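Everything on this sheet refers to the single structure shown next.
Labels for the chains are A, B and C, by order of writing; each one numbers its residues from 1.
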Amino acid sequence: MEASGGVVAPGAGVREGEKEREEARAAVRRGPRRNWVRPLLMTIAVVLICIFCLFPFYWLINVSLKTGSDLSQSDIFPPNPTLDNYDSIFKNDNFTSALKNSVIVTTVTTILALIVGSFAAYALARLRFKRKFLILALILSISTFPAIAIAAPMFKLWTDIGIYDTRIGLIIPYLTFALPLAIYILTSFFKEIPKELEEAALVDGATYFQAFRKVVLPLAAPGLVTAGLLTAFFVWNEFLLAVTLTSSPDAFTVPVSVANFTGSQKFEVPLGTISAASVVITIPLVLAVILFQKRIVAGMTAGAVKG
Amino acid sequence: MMKTPRLVAALVATAMLAIAGCGDDDDGGGAPEAEKATQAKASGNVTWCIGKDTTGAFGTVIDAFNKANPDANVKLLELPEDAGEQRRLQVQRLEAKSPECDVLGTDVIWTAEYAAQGWLLDVSDWISKNGDKFIPSTVDTTEYEGKNWAIPFNSNAGFIYYRTDEVDKAPETWEDLYKEAQSGNGVVYQGFRYEGLTVNFLELVYSAGGSVLSEDGKEATADSQEVKDALTFMADGIKDGAAPKAVTTYKEEESRRAFESGNATFMRNWPYAYALGKDSKIADNFDIATFPGFAGKEGAGVLGGYNLAISAYSKNPEGSLAFAEFATDPKQQALMATEASLPPTVTETYDDPAVKKAMPFAEELRTAIDQAQPRPVSPVYPQISEAIYNNVYAALQGDMSADEAASKMNEEIQKALETF
Amino acid sequence: MEAASVKLGRGRKKRGKTFGSEERRLAALLLTPAMAVIALVAAYPIGYAIWLSFNEYSVRTPGLSRWAGFKNYTEAFGSSEFWEAVKNTFIFTGLSVTLELAIGLGMAIAMHEAFKGRGLLRTVVLVPWAVLTVVSAITWRTLFEPNLGLAPQILDAIGIGGDVVWLGQEGYAMAVMILADVWKTAPFMALLLLAGLQVIPDDVYDAAKVDGATTWQRFRRITIPLLMPAILVALIFRTLDALRIFDLPYVLTGGSNGTTTLSLIAHQELTTNRLIGYGSALSVLTFIIVMAVSFIYIRTVGGNIRSLAEEG
């Protein structure tokens, strides 16, 4: 369903006045009567969402500040708060290497997935050729094969090729498994963009790639952000292939490193250090995403379809 | 035009399938004569693949070895904490015939499996020369089909922990224990549906003089009175309130936490919980004891622990053997006992005053290990264990009667023994 | 206007049914990187796993294997454990995906419309996403620990569950698993849906408002239809993931009390029991089931995917 084929303002920065217009629009949306119901509902919704998302994370912070026998209790506030756990994870060289590896692998995989995925998505969304359905089905099916069944064959293959225990050895399978989702999201976003926009740009003398870069990409920005975030999410969390295809701090990623955390005794599950590591991982991630998201949203409103 | 890339991909895939298909039917049947590791020479590179050690005691042993043997270089390859993951990652390398791991830290229950697949070097000669220094039961865990396939490294045997402020002394029979638990605060153990439940269950069965597998490992013996009695006893324990219902969600840590927070009078757990308990709020109010008897027989535990095995694909078997030998030196064993609370397998270590200080229950521990029995020895042990814990769990939850559970367990074990 | 004619830089080509070969070549060029990566990396291991499922590998004798044909598959079909796993997997998928869609949609709308607190929301919603899957499973396990965990106490206070041992009882264990999954992945849905919401132009709503449409009418007649593409992508991928859930049941219950899933039994047979042939067959069956579900989606609900596949 086409969104609308109205006036286009590609690349023309209309940021000034944008804020005023949004405010006005919001006021219209609020409506003349009952203008306290909506904000109230929204506030309640915001509060509920915050509690829902944050409580278990608060619990992690709570546990990360406990050590020793406090971990055996379920106090909602740490009785003897201590930063020992944080201290010990940063002293752990494996963890810091793992952080570095995870960041590299995630970033590279995401960028590659977006590039390769965009090309494929563009072909699927815009161009005509036979057997499109088959290709879509094939791409989709690859991502659904249970990873456990291919872990051992992949280990053997990687060892033979020589990329076992390397970062590139992780990037390649991650890219493979991230592509289907990225391609699907990007394809559906590209499809939503009215063809007339590109055609208008082409009529104005732009080359094919210029049209793609200046018209399609900015409009598909939400799709790119989404595909990028979801790829990053998958790569960051992935454990099975990471632990199968790596064996040293050269290539360990964060999930592997956390799996190697130990308590002070053999059977002890190191809740304290695991929680501290989780907190440490989450905060920069969230910060990075906020920054990233803001810039894309800004770029998007600058070139968005208004009508 | 579109056809070409896909066609190429299809051809490549087919070709690879064909190649993969060719490589598999190696031996017609029967285990090949396993190679022996007899010479110990401390030189060359050795990679030790074991689950990460807690306190860095493994690192200390490695450093000591490397220093004493400048020609040798031992490196630690850490595997995840979870025993299942350790095994999977070792198995994946062994199946791929990878020389990456020279010395493997193997759980005592993996010996038969690994040996049956020809993945380990025969160390019988070394054991026959040096085996006397070990507690005999630990050497039993290295045996399969009459040969020794690993060197005992550390051991483990369970204990009954009890609150000294709630009961005067440790009960002498399981029946008494459950009775006191019922009138007291309950008994907690590992009732989650996993390997730990097999251990807890077998402790009762062995205490009753029963078994689940015949000596020769060829026949299931779970459909017996002892097994049924143990099942009834455990299930009734939950029904009558001696053990809380929550016990079916407990692994080692949960039961430890329940005991430490004062929610239980008795606990069955491994020795590791002792040191942690001494750091908790019940520090002055608990003690440990070896297992009580059941059905009029002597108490018996189940052996845990890790052995050191040498991979059949190792490029340095001599260095590996030298390192394994070093790690079982009484001095290194004492180090691991004092620094990491890992129960030694070498008998004389228990007399070391430093060890006695770090583990005040050292004497009981040695006795417990001596009296403990191994779990069923079989290359299909994982399936046997699954048959056990699935059915015991069903009985504990009240989904099956003890008789049904015993006969289903027997049936499944028998089926496992007939696996191709 | 054909892209092909732009590339040539000359006049217009007639819009015809014949696909220009330039267009096909361009499509091939654009698709090749993705297809190449997928084919080369995934084809061998997947092909090998499928091949393994038609054989039996001895657990007792090294190197011994024999052709098994469909034996592993018939064994699976005859196993009550397999069918129980199928049942549990579908129950889990149905309930959790529905909940995630509803909650995710709510979160997306809130993120889209809340003028104040929008930045806060977008941050907060990312938090469950950022916590490692395994760590979140462990956290939920501790939160529901009998006696010590906070969750049973809180739930009891609001009248749910009494003194039930949550993870130790059938039905309740599944509830915890669904809760943990919804917590972790409703943000996934929310992100996808938010992106979809962001491309709906406001004037469509404003026009409807002028026409006197109520909030609910605007939601039903404008939001949902325009959001359909995003909803369908979110649904398909979430369903595919939910059908293959592994971490949660493994950590929470080990598969007991009605939480055994397909991935769990495949993992058990493949890595723990080392029944490589049987385990691979279970993996292939999981794969087939997942694919069947997605094809059913595409056929019945499928406007989006089919339209993706339609010409240009």
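Methods note: a residue touches a chain if its C-beta (ideal position, glycine included) is under 8 Å from a C-beta of that chain, and two chains touch if they have at least 3 such contacts.
Just so it is clear, the model here is predicted, and its values are computed rather than measured.
Contact count check for B-C and A-B (C-beta pairs in contact): higher for B-C. The most central chain, judged by C-alpha centres against the centre of all protein C-alpha atoms, is C.
Averaged Cα coordinates give chain A a centre that lies 15 Å from the centre of chain C. Here the spacing of chain B and chain C, counted between their Cα centres, is 37 Å. If you average the Cα atoms of chain A and of chain B, the two centres end up 40 Å apart.
Shown for chain A are the residues in touch with two or more other chains, namely 72-73, 129-130, 153, 259, 269. Contact of a single residue of chain C with at least two other chains is seen at positions 24, 27-28, 31, 35, 44, 48, 145, 148, 271. Touching of two or more other chains is recorded for residues 2, 20, 257, 261 of chain B.
Note for the complex: chain C touches chain B at residues 21, 24-25, 27-28, 31-32, 35-36, 39-40, 43-44, 47-48, 51, 55-66, 145-148, 165, 167-168, 253-257, 268, 271-275.
Against chain C, in their complex, chain A makes its touches with residues 1, 3-4, 6, 25-26, 28-29, 31, 42-43, 45-46, 49-50, 52-54, 56-57, 59-60, 63, 72-74, 76, 116-117, 119-120, 122-130, 132-133, 135-146, 148-150, 153-154, 157, 172-173, 175-177, 179-181, 183-185, 187-189, 191-192, 195, 199, 202, 207-208, 211, 219, 222-223, 225-226, 229-230, 233, 236-237, 239, 254-255, 258-259, 269, 271, 274-275, 277-278, 281-282, 285-286, 289-290, 293, 300, 305-307. For chain C in complex with chain A, the touching residues are 1, 3, 6-7, 19, 23-24, 26-28, 30-31, 33-35, 37-38, 41-42, 44-46, 48-49, 52, 106-107, 110, 113-117, 119-136, 138-140, 142-143, 145, 148-150, 183, 187-188, 191-192, 194-196, 198-206, 209, 225-226, 228-230, 232-233, 236-237, 240, 244, 246-247, 263, 266-267, 270-271, 279-280, 283-284, 286-287, 290-291, 294-295, 304-312. Residue ranges on chain B touching chain A, taken from their complex, read 2, 20, 52-55, 77-82, 85, 89, 92-93, 95-96, 98, 100, 252-253, 256-257, 260-261, 270, 272-273, 275-276, 279-281, 340-342. Chain B makes touch with chain C in their complex at residues 1-2, 4-6, 9, 12-14, 16-17, 20-21, 24-32, 84, 87-88, 91, 113, 116-119, 192-194, 244-246, 248-249, 254, 257-258, 261, 263, 379-380, 382-383, 386, 393, 397, 419-420.
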